[in-house]
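Let me begin by presenting the structure, written as structure tokens, before commenting on it.
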Amino acid sequence: MTFVSKLRNRESLVGTWVALSDPAIAELSASLAFDAVVIDGEHSTNSLETITEMVRAVDAGSADREVGSIVRLSENDATEIKRVLDSGVSGVMAPMIDSADDARELVEATRYPPDGVRGVGYGRGTGYGEAFPEYLEHANDEIATIAQIETEAGFENVEEIAAVDGLDGLFVGPADLSAALDMFGETESDGFLAAVDRVLEAGHAVDKPVATLAFEEAEIERWVDCGFDFVLAGVDIDYIQAGATQAITMFEDALDGHGGV
Amino acid sequence: MTFVSKLRNRESLVGTWVALSDPAIAELSASLAFDAVVIDGEHSTNSLETITEMVRAVDAGSADREVGSIVRLSENDATEIKRVLDSGVSGVMAPMIDSADDARELVEATRYPPDGVRGVGYGRGTGYGEAFPEYLEHANDEIATIAQIETEAGFENVEEIAAVDGLDGLFVGPADLSAALDMFGETESDGFLAAVDRVLEAGHAVDKPVATLAFEEAEIERWVDCGFDFVLAGVDIDYIQAGATQAITMFEDALDGHGGV
Amino acid sequence: MTFVSKLRNRESLVGTWVALSDPAIAELSASLAFDAVVIDGEHSTNSLETITEMVRAVDAGSADREVGSIVRLSENDATEIKRVLDSGVSGVMAPMIDSADDARELVEATRYPPDGVRGVGYGRGTGYGEAFPEYLEHANDEIATIAQIETEAGFENVEEIAAVDGLDGLFVGPADLSAALDMFGETESDGFLAAVDRVLEAGHAVDKPVATLAFEEAEIERWVDCGFDFVLAGVDIDYIQAGATQAITMFEDALDGHGGV
Amino acid sequence: MTFVSKLRNRESLVGTWVALSDPAIAELSASLAFDAVVIDGEHSTNSLETITEMVRAVDAGSADREVGSIVRLSENDATEIKRVLDSGVSGVMAPMIDSADDARELVEATRYPPDGVRGVGYGRGTGYGEAFPEYLEHANDEIATIAQIETEAGFENVEEIAAVDGLDGLFVGPADLSAALDMFGETESDGFLAAVDRVLEAGHAVDKPVATLAFEEAEIERWVDCGFDFVLAGVDIDYIQAGATQAITMFEDALDGHGGV
Amino acid sequence: MTFVSKLRNRESLVGTWVALSDPAIAELSASLAFDAVVIDGEHSTNSLETITEMVRAVDAGSADREVGSIVRLSENDATEIKRVLDSGVSGVMAPMIDSADDARELVEATRYPPDGVRGVGYGRGTGYGEAFPEYLEHANDEIATIAQIETEAGFENVEEIAAVDGLDGLFVGPADLSAALDMFGETESDGFLAAVDRVLEAGHAVDKPVATLAFEEAEIERWVDCGFDFVLAGVDIDYIQAGATQAITMFEDALDGHGGV
Amino acid sequence: MTFVSKLRNRESLVGTWVALSDPAIAELSASLAFDAVVIDGEHSTNSLETITEMVRAVDAGSADREVGSIVRLSENDATEIKRVLDSGVSGVMAPMIDSADDARELVEATRYPPDGVRGVGYGRGTGYGEAFPEYLEHANDEIATIAQIETEAGFENVEEIAAVDGLDGLFVGPADLSAALDMFGETESDGFLAAVDRVLEAGHAVDKPVATLAFEEAEIERWVDCGFDFVLAGVDIDYIQAGATQAITMFEDALDGHGGV
């Protein structure tokens, strides 16, 4: 089953987040047991050229082609979306969706007329034109769209956003949403958890999955327990920082054990 | 004190290994408490253009400029060495040093005449020419040279290699050396540990540091206990793989705890 | 005579379309007998850095500098246009022009004040500043602007669009226009041909050229017969696909002839 | 003292302008006695990937980290600004600010909620997340924002623009402002000098610095005498052109002196 | 069955040659019915970074992973070979093999000790270390090695070269071999065909396949009839040139038919 | 007349040296009144991909195509030379030529058989194959080869090197030659000038031009007076440093004049 189908079925899904630019990371990530790999196009340096390499790397790394590739957009913009979709990505996630109109624009940007405004082009997604007719027949149904709820407006309008036809899911950005609700970083507070619940209910009321990002074991557990359908369970640069910091500690412990410095 | 001085003083040093191509990794690594960052130019895709970005990133990440940058060369070749040195790197590590002659060529490739054969050029190392006279005065003394002992010949000649004037240290590549000695992967065997001891003794007999690469806690401990002076305590792609794999496990555990799938 | 002059004179012109990113393709294309090379900035991965390389490659490939370079923009946006024009391109083609206002914005984005809003900068187009005064004197008159008619709105407003002062021509995107008019791919149907005629008449009524894209012999003939002034007669990735597919056939035929597999 | 503090203190500052793409230029520039390096993101080919390399190069080249890095944006756009800020830049300069609203959008784009709309992300500026809490505490106060006054509207509204809370300074683009006021290139005319005075007064009335760009000795003197606080005293591509042209002259003079060709 | 197995079984195989640098070409080529894609590392601009992207693109384009990827090396050099193999390529083709010793060095460079001198590293080929043990067990047996016979010496020693243990096949470069035998371009002459026969016999005598490159129908037929096992039936840049030239002709014919210019 | 012809005629020639990587510099340089542009492939970070862009940029910048493009190689290596020549460069300059044998290898690497060992390939130099027959007919006669005399051995053998058939000229690297002769930087000393005279006489005795690099007016004069035929009169990074340093001085002088700091 494809990632998009699983997402729409609200299966429990786990993914990883790639913010660095080396496609090897995307490929390695796709070869592990993740359901999807998010390629960051907002808080990263990645150009469309790099993003396309990374989407290809996800496909190359996923032997059965069932690992989803999601590009987190730099903004909810139809031009950026048409170009990102040409890369053959499974879905897009748009930051700072404030309203049902924003969500509708997101959905329409991913669809060919008459459902939307996506332009037709030769791209990786169509097999460079080779798979054109098949691609065009299915593309409007097969691209996942996820709205990031991370502004005050988006939070206030979350039920209407969730209900937008064609929108596939919501994403809570804990850092931005907590900042927007004036409780930055207090992601374990009752206030923030209540906010999270509202987003979860907004999604689940219309049977749509809600996703989020977590960094540590306790956070992963908390979000799973809260009822998130899809958890991005870490970020590449953070894996490196954690692993490297631990390596230093292990070396220092070894030195100490050895009667070290 | 500079990394090169610390290395020559045989202080206990810890570094990390960067095999990916995003300079952000080199910069982040240099901002942590490592003594040095190794930038891989052999088992990586990195071109000289990328390597130069990474050496710059190490300097940018090291507020006090005391984190060393070492480029692991693709081969012991004077042309590659002169170009890598132009990047302003603290030192170079050459693979597959088989003999004292190889080691002498390594040393000479890093030095201007009459001590060696390095050509004079405008490069990042000289402040783009601005710091030319100062650089030229000191460069022959300040670039670290490390010989990888990882072939049968290199192992047999390790004492002579270690004794080469101007060579600063040895590096044991556990994978390659164990393969070369026909005990691939048996890095905990008595045979391999005896081989390691011979390399350590060869280095220490002439008061030169010996380095190696380790991936896990037990390995780091083992090599520290063996007496290695300088341990590369992990590789970027491996930190990602370990962190990502652990993230999946944490998610699955959370699901199970939650009454899971 | 320059490409822009020929275009404005409504000479019969033939071009080729470059959607891939290797500048060698742009250079080779410019060395053939084309009047112009279109560099795709919409349905391609190309960044401005790559586009600038390709515009330079067109100039390098065109011994007499008479082959036009046209960048197909990702959108009708003044910021993108000013940056693309800095590359020294002969003209720009803007997708999804919906109205005379859109067309006026396109024209104004290509012109320095008081005719437009283009900002003055050092770029390749000005000889890196060296040819500044000459360039500024002529630039407002010498950059071609082409509006893509490919949406329902654009089609409905095509006569007004065509009449916009300073707009040099129209382009029919067969795939998008047929999709927009709800007859996707039926580019040989009476309905679509009637639509094409309306665009052609809209352009020709104000003595402006109309361009389109064609992939095969029959299509090229059809569009020439319809009265298109400027035909983009193929796309690089399609030449490769056609040539490669034919190569396989030739090999299989040879095998069969040889008493094959 | 940081560049941003010096700018706000209205110290006399000198900078240089980097329009080319090789980070070596940014690094070399930062190693000289400039107060700041402007990295051009408008009239250059630079992508965000290149800009990030250049911001890193400024930091690497500035031993004491006191040389400011300013990115001149391609437009006053919140999405571009959030991504550029992730690079760790000291400040941004936005082209074609027409009104106080434009200036407010510029300021808000650089600030986290509740002061602005900047999204929270892992980037170079936060030490790749490592310095997150410290960075977030200070970032809203420490990023310089400069508005380019170079359109007729911007000039008419300059006093209101200057007064916008959080805006740090103004920049006069002589080429664009003279074009906008219909006296292109007449930057020594009384009319243009009067316009310059109005901008200087607008800034100084609210105790904010005013910057500009100058190419030659007489121009630098003129702008210093006019009272500009911050002068960008040249552009990389212009240094090359001037130096190269002079080299040819010196060669020809030498030939003539020698009884040459 | 893998490409390497088919090659060793001397099946009739057809491939295509990629000399341009855009990975999209490699990916498209792999999605067509070719048995293998050759990525040129000699007469191309491609760096190892680009080659690695292209090998990944071949894998991404080949749904069943049975399309082989072959890198044509810039030279028969163990350092280049170890780095290219890290990309996960199916095989390598070495130019200008002059002797059995050259061929033995080629084979040894592709094998880990004790069979050869390849160094062990984390690379794409090993699944970034994840598939390490499996990879190492099989790699020595699964990488194809092809020797280009294209010099006078190589031609004189072709029987000995063909017989080298572990060498998988020969390749005749018609342009270079005809130049080396002083009959440049006379590839249909009796003299050249006799030379080709000698190479074919040398390969077939030891049951090893012989490959070549052909550009046109007649040439493909001729080489199939001669008994070549593996034909590279075209080059990307040539497909573009042929397609583009034909497009111009079709346009001109259409114009003529239309009563054109 | 082409640059190569002028060089062989021993006309007085002036060039510039490009060590940075932005092709805009090569293009601007070629648009000025230089006879040739040297693109550095040794003391620069440039890969073959970048060098090819720069050779193309020289052609694009030279309206009449008479500005020569010379690549300074990283070493005297036939593999590097064949790849560089594919870029369509006018000539190559090889560092550290020690003997007549070295010089002969340089010449042979630039020539197709039977005169040399260059392999035939599709590259930019042949018009991507289009101009193949013409190119092959002339290429052996039209590529300039210049030997750098900058080692002790090269200096001792300079007469024999100069006499090598097909070698077009010599180049004195003042920095390296003075270092090799143990008088580093003493380029105005009698000893060094005597050495320079020997190289000049060696070249002129066989009617071959001798080139060098100079940075300042006095140096240019000195070398012209010494009789150098071809002077590289500056380096891009040095033009920037000189221009930037002067800009700071001009700003400070203006401040002082103004009653400054």
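For reference, chains read A, B, C, D, E and F in written order, and residue numbers begin at 1 within each chain.
Definition applied: a contact is a pair of C-beta atoms (placed from the backbone, for glycine too) under 8 Å apart; a residue touches a chain by one contact, two chains touch by 3 or more.
Everything numeric here is computed off the predicted structure, so don't read it as measured data.
The minimal number of chain-to-chain contact steps leading from chain A to chain F is 2. The chains in contact with chain D as well as with chain E are A, B, C, F. Two chain pairs are in question, B-D and D-F; the one with more C-beta pairs in contact is D-F.
For the touching copies chain C and chain F, the fraction of interface residue numbers used by both exceeds half; the interface is of the same-residue type. Of all chains, the one whose Cα centroid sits at the greatest distance from that of chain D is E.
Rounded to whole angstrom units, the spacing between the C-alpha centres of chain E and chain F is 35. Residue positions of chain C touching 2 or more other chains: 21, 24, 28, 32, 45, 47, 128, 130, 237-238, 241.
Checking each pair of chains for touch leaves A-B, A-C, A-D, A-E, B-D, B-E, B-F, C-D, C-E, C-F, D-F, E-F.
Residues 23-24, 27-28, 31-32, 53, 56-57, 59-60, 63, 65, 124, 127-128, 130 of chain B touch chain D in their complex.
Listed in rising order, the residues of chain C touching chain A in the complex are 19, 21, 42-47, 50, 74-75, 77, 95-96, 150-152, 173, 175-176, 179-180, 182, 184-185, 235, 237-238, 241.
Note for the complex: chain D touches chain F at residues 12, 14, 16, 20-22, 24-25, 28-29, 32-34, 45, 217, 220-221, 224-225, 231, 233-234, 236-245, 247-248, 250-255, 257-258, 260-261.
Residues of chain C touching chain D in their complex: 47-49, 52, 79, 82-83, 86-87, 112-114, 117, 119-123, 128-130, 133, 136.
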